[in-house]
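Right, I'll just put the structure down here and ask away after.
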Amino acid sequence: MSQADARLSVLKTYKLYVGGKFPRSESGRVYEVTAAKSAGGAAGRGRWLANAPRASRKDARDAVAAARKAVAGWSGATAYNRGQVLYRVAEMLQGRREQYTAEVADAEGLSKAKSAAQVDAAIDRWVWYAGWTDKVAQVAGAGNPVAGPYFNLSAPEPTGVVAVVAPQESALLGLVSVLAPVIATGNAAVVVAAEERPLPALSLAEVLATSDVPGGVVNVLSGRTAEIAPTLAAHQDVNAIDLTGADAELARELEVAAADNLKRVLRPSADPGGTDWTADPGTGRLTAFLETKTVWHPTGSLGVAGSAY
Amino acid sequence: MPRIPTAAAGPPASLADVTASDGALRRFLHGLPGVDPVGLEARAAALGTRSIKTTAKAYALDLAVSMIDLTTLEGADTPGKVRSLCAKARTPDPTDRTTPQVAAVCVYPDLAATAAGALAGSGVQVASVATAFPSGRAALEVKLADTRAALAAGADEIDMVIDRGAFLAGRYLEVYEQIRAVREAAGTARLKVIFETGELSTYDNIRRASWLGMLAGADFIKTSTGKVGVNATPANTLVLLEAVRDYRAATGVQVGVKPAGGIRTAKDAVKFLVLVNETAGDDWLDNRWFRFGASSLLNDLLMQRQKLRTGRYSGPDYVTVD
Amino acid sequence: MTKLFEYAPAPESRSVVDIAPSYGLFIDGEFTEAADGRVFKSVAPATEEVLSEVARAGEADVDRAVAAARRAFGPWSALPGAERGKYLFRIARIIQERSRELAVLETLDNGKPIRETRDADLPLVAAHFFYYAGWADKLGYAGFGADPKPLGVAGQVIPWNFPLLMLAWKIAPALACGNTVVLKPAETTPLSALFFADICRQAGLPAGVVNILPGYGDAGAALVAHPDVDKVAFTGSTAVGKEIARAVAGTDKRLTLELGGKGANIVFDDAPVDQAVEGIVGGIFFNQGQVCCAGSRLLVQESVADEVLESLKRRLGTLRLGDPLDKNTDIGAVNSPEQLARITELAEAGEAEGAERWTAPCELPTSGYWFAPTLFTGVTQAHRVAREEIFGPVLSVLTFRTPAEAVAKANNTPYGLSAGVWTEKGSRILAVADRLRAGVVWANTFNKFDPASPFGGYKESGFGREGGRHGLEAYLR
């Protein structure tokens, strides 16, 4: 054993991310997070990684309140500004690439190379969505040629507070792939991190907190999905829910609860093999949490019909 | 027709301060609610879809005949032409003595005396255009002289034009003072103030002109001279009707409305009466408060009356050419 | 006081429409009785006259209709888009040709004025088919992928307030995209959908592409729950919409819902007052207020409230209530005794809660279902008449002091379908429109519809859009 090996490393206490702050669960509960069974190397399999906070229903409620508070400012920011903020996230993630590579390797049991590829793809996904913020309205909106003297414009708007049940397998790339499109368009998100792989999500919060993403725009909860997600699905001040990380039975239960205030629901992929997060993301996730507002206004004429000027 | 009192020159006491200065008048006129052209025209068009049948149609046709200012305003007008028009005004349909007389015959001042002679004792009023009709481009003294000449020739009613140039240049007080001067010159004659709405161009301007005219003492506000491309339309008349309705609500003073030019068919006239009915209401359904400035309209109304009476469609050979 | 200018009756002729004494279900291109032989009566709400006896679909009929639609789906979706489009163009043209007949029919069955069916419903129905006909061979350009595919069988349930127009909103985009449909019209207004079945026959539409199942809520529920339905589209109440959302949870069925509303019509002190009054009147009294996007809450700036209310009352005094077939009628009959009871109950609650009730002076006919135009003043956000959808000719008037207060009050509802804003100040229109949580914002106008313009709600007013390019999305994958 060398001199260096003798040093005991400093461990990180993982916390929730709510309203731009890093609280512990109000319940005081934590749960043990271990390395993926397939995690290789000397690190060992099933090794203890951390005690993650086990968020309660009240933590979920606080997260929704924080998200709601953030909606006005974030959706009211210019699309250009949101794009810059999202790009800043990519920059910060790039700077901490090594850290995430290690965390993803532990979480998903990937080799270092494969894990690095996941991190790179996640960074690139932020860049992809950073570029979309000021284009989605042009793609999803429309000037409508109505049969009358009216100006008529349809424009997309964020739906508000979106609960995101993050993918259970892909702890970083999957998470970024579902989170970035939600906030790119101006929504605020409450994320239920992958139950057994929450650490990359909790660490991502640190990047978000230092990337000019306003507090409350993204809130990250770790814990038991089946405990947290129903609270969010039933919450009357949540506008939409992304069920990607829910299994079929939970997804159905959540969709039923979501009907109480007619949340917009994005169902998990029908494909039992899950979603291929390396594929072209398209615009489906961007537009899933948009409302279309159509505004009419008379155009009229410059003067009374037929007048000289 | 019993003589009815004319409007006072200048605003009622409750609005006295709005004409105190050019600035005050401008602020007042520009403070009137705006007009959305699309909504206005849609409302006028919707009222145009009313279906007026049988008894309602008979009432409307007779009312329309009684509201006509039978008009000839041509350079080629002669005493003979005016006399024949007056004969028609007194007896619009010689085959049907139940046909009402028209309200007035409207001529240039130099033919007012002819009209007055031909209409004496009939109850049909003599209306004369004045104030350098139709352009209004003359010095105030000329306009006043024109007015006095018409009155001297026997005119019961004066149809004056406003100075559109001054109005469009924003010199509202000047326009107001001119109307007021004509109002005073007109004495007991009823004064119709023509805005030439087609030249004012916007409905907002038409609403402002309406209030300006009423403040200055108009007995009627009138759309147009009949001499420009766009004359009376349902929409611009609707603006005038809203104005007289609101003016009475604000001041208690009732002012009449006269669309003029371009109303040629009975169907059109009935649409205007629907506008009156559903905008200003019963109190304006009377030729003391609503007129049509028209000429060919009368024959179409007469043909429609004949159709209602006989059940057959009439033809132009069964009404008189004037 | 008698009016000087009383409009004589001007009834549209009933003879342009020939209503058969009975109608069947329309399944697989044929009219057929219900499997269990049940029937129900369709009544004219203005007179309580029975117009026809109609087969009542049950679960077995839903099975038959869905099976027919499934069989038709393969060949229909395989048709070149241009050919599908031509069927829709044919349908549009036949609707135009038969528009007077359909207008009279709709007026009889629904109770709404002929002026509206003639000038609004029917032109919009034909226009909707025209609009989507043109999309059928251009779907790859709609922004939903280069080669979008239809979903399959669409189960569609529509309400009674615009029977044929809601049918058009449902069927036109579904067919253009290559789906086949099973549509259930409302139990109080089944007739125009059955006439539409005849139009499909005239147009030569292949059997099974459109199936019409008149019936009640049980048939609608069976249709929504049917395992071979790929897509559910519903327009109706929020309560039923929620039931449907629960019913399809956990399935692969795609869902769009167009539900209730409690639209705010905001009038600022610089509004074009005369047009605003028209917009308020049209916003709540169009179709007897039985419109999901009705402007049922008037938010008027306190400084002009008296003036606007006075104008509004004067204007309401000119509304003509009565025989819906009379061309001069502005306000027709309420669609059903149930609806009338609901309106009556809520209006009474308004009074009981202390709002001041004013009713337009008009006489109600002695038979049929009628409710006089009514407005409540002194209403606050806490009153039921300000919160619940009345779906009748009842306007709740609230005041506000500042634009921010107006927006806060307008948005203070679980609904989010429509809103109006009246001001001559352009920047205020844009600022207010931007902050209103509603799918349709009418600025200096109200209740305008067009096939090219997407329509649909925020929040509990539903999701998905009907109309325009956006309307295709619900029927494509």
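In order of appearance the chains are A, B and C, and numbering begins at 1 in each one.
Here is the rule we use: a contact is a pair of C-beta atoms (placed from the backbone, for glycine too) under 8 Å apart; a residue touches a chain by one contact, two chains touch by 3 or more.
Values in this document were obtained by computation on a predicted structure and should not be read as measured data.
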Pairwise touch network: line, ring, star, complete, or other: complete
Which of B-C and A-B has more C-beta contact pairs: B-C
Centroid spacing, where centroids are CA-atom means, of subunit A and subunit C in whole angstrom: 37
Centroid distance [mean C-alpha coordinates] between subunit B and subunit A, Å: 69
Length of the line joining the C-alpha centres of subunit B and subunit C, rounded to whole Å: 44
In subunit A, residues with contacts to at least two other chains: 150, 298
Multi-chain contact sites of subunit B, meaning residues that touch two or more partners: 36, 38-39
Residues of subunit C touching at least two other chains: 444-445
Subunit B contact footprint on subunit C (complex, rising order): 3-10, 115, 119, 270-275, 278-279, 318, 327-328, 424, 444-445
Contact set on subunit A toward subunit C in their complex: 139-140, 142, 144-148, 150, 152, 154, 159, 239, 248, 251-252, 255-256, 258-262, 264-265, 267, 270, 291-298
Residue ranges of subunit A touching subunit B (in the complex, touch as defined): 149-150, 298-309
Interfacial residue positions of subunit B with respect to subunit A in the complex: 36-39, 41, 197-203, 206, 228-230, 233, 235-236
Subunit C-facing residues of subunit B, complex: 33-36, 38-40, 42-43, 49-57, 59-60, 63, 242, 273-274, 277-278, 282, 285
